[in-house]
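Each of the next two complexes has subunit A plus one other chain: subunit B in the first, subunit C in the second.
Right, the complex of A and B next:
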């Protein structure tokens, strides 16, 4: 195989409270050399709170690469429970410092009413944790 | 005579909720590039939370936690585009192809509490319950494997080795006992993996 190849590297984030931003800190594997595409998708959980199969935005994601040296911007994350996938990625060209930090935060924007979180900060039975996955299309020399 | 391309297929049978099914096969010797991959699954609801990992010659292409629904394409997509195409085709030559499909893998993570109270990144060690690719000794099960329509193995219903996942319904998974629920998944169901090979 070629020394450098394209891999799809997922980073799963769990959202456990509707009003608390989720901090993202994870070290990327040392074999990732360059990120050529990014996308963020809802994985599981929101379908337990909604009968809709599509919600345009359930939250916003902010991502930084290379130990906070490169801010990619904000990405809308939709909920799409239809079996029609898209392999489209947000095009990027980010050279990765080996072993550097991927950081940022995710802010939930749905199901934020008092039906889902009480005044004391605890969630109700209507709330369901959900998982958002960030996919990095990357060049790897593994 | 070798044609310019070939769709090599592997079919897996998922017998119960939470099952992990592993396959390995050899790429057709006459073809030198792997250009794309796709899955087809009978039940739409079975896709969400299920994962599919893929390796070629023991080099990871898709992580074990790659979501299956990202590899399935709808009817509005032309047949020759229903694929995840690799921008850089993967060189192959009678190469070892490995995959592992896990039913409802991510649902089991909804109760994950290993980070802060608000949530956070789920550690890879929690997502990939077991790194099962290398030796094959830790494979939970492969119940039925067909490569290019030739039955390779059939040990339906037998769980081999120690699994990290339960065999009952996973929290958050659809209710298979309620037929009126459009999100029901009926077991067993088949997953077909199509790999696009080229000369």
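Right, the complex of A and C next:
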């Protein structure tokens, strides 16, 4: 008999250029049945470009579940290096088609000036690649 | 080169949707400047909710053109007709600062589903 349990499934995206959107195309594991929460957090990188410990929005995340059939909308991704940083999930209730595609994109909104990217498209020394991790709080049959 | 009609048909079928109507639609983006050459307008924004728009002529748009929608963002970094970009929701076409012409036409394959 299968027993359902809660898992926290991470999906990472690496931002390598300030102006280039990062596309997300990944297949969710077949044991995920339902997504009950989503959060997107900055993992590492932005602290190398800013002395601020809190930036309310560093980018926007758009996510689609079930082979692009369910668009969850847009999520603001903050940079929060403070001790009191929130780790709350955005409540969702999305039944997942087993083995379906999770797609979407992340669009960087900070450090987009010419200080960070030259006219020829290459990044300067001031730019640092950073990682945003999407956590899916999911019900799993595994 | 990808057959747009086939591609859209397959995409919709995979999602369990049926196409009700489809057509090629040109969208004209104007670059308007003042007498000093300052750019006043170089983008266009329009609604495409509950529709799917496929960019057909990516290879004809200026490098650096950015197309943003609720479901997808594309930055044209090379001239290619080997990819198919799908947009839905509010769509914005932004011409790059390097574009000095007055007019630019993006062609989309617009799909409405039942």
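Details
Just so we're on the same page, the second predicted complex is superposed on the first by the 138 of 142 C-alpha atoms of A that agree within 3 Å, B and C clash if a C-alpha of one lies under 4 Å from a C-alpha of the other, contacts with A are read in each partner's own complex, and residues count from 1 in each chain.
Definition applied: a contact is a pair of C-beta atoms (placed from the backbone, for glycine too) under 8 Å apart; a residue touches a chain by one contact, two chains touch by 3 or more.
Predicted model, so just to flag it, every value in this text is computed and none were measured.
Superposition of the two structures on subunit A leaves subunit B and subunit C fitting side by side, clash-free.
Contact with subunit C, but none with subunit B, is seen for A:74 once the two complexes are overlaid on the shared chain. Looking at the shared chain after the overlay, A:107 reaches subunit C, while subunit B stays out of its contact range.
By the touch criterion defined above, A:124 lies against neither subunit B nor subunit C after alignment on the C-alpha atoms of chain A. Applying the stated contact rule after C-alpha superposition, one finds that A:64 touches subunit C and leaves subunit B untouched. In the superposed model, A:21 makes contact with both subunit B and subunit C. Subunit B and subunit C never share a C-alpha pair closer than 10 Å once the two structures are laid over each other. Touched by subunit B in one complex and by subunit C in the other are residues 20-21, 23 of subunit A. Residue ranges on subunit C touching subunit A, taken from their complex, read 14-16, 66, 68, 70-75, 77, 88-89. Residue ranges on subunit A touching subunit C, taken from their complex, read 19-21, 23, 62, 64, 67-69, 71, 73-74, 104-105, 107, 121. Against subunit B, the residues of subunit A that register as touching in their complex are 1-2, 4-17, 20-26, 36, 41, 43-45, 47-48, 81-85, 87, 106, 128-131, 133, 135, 137, 142.
Across the complex, subunit B meets subunit A through its residues 41, 44, 47-49, 56-57, 59-63, 65-67, 69-74, 76-77, 84-88, 90-91, 106-107, 109-113, 115-122, 127, 172, 183.
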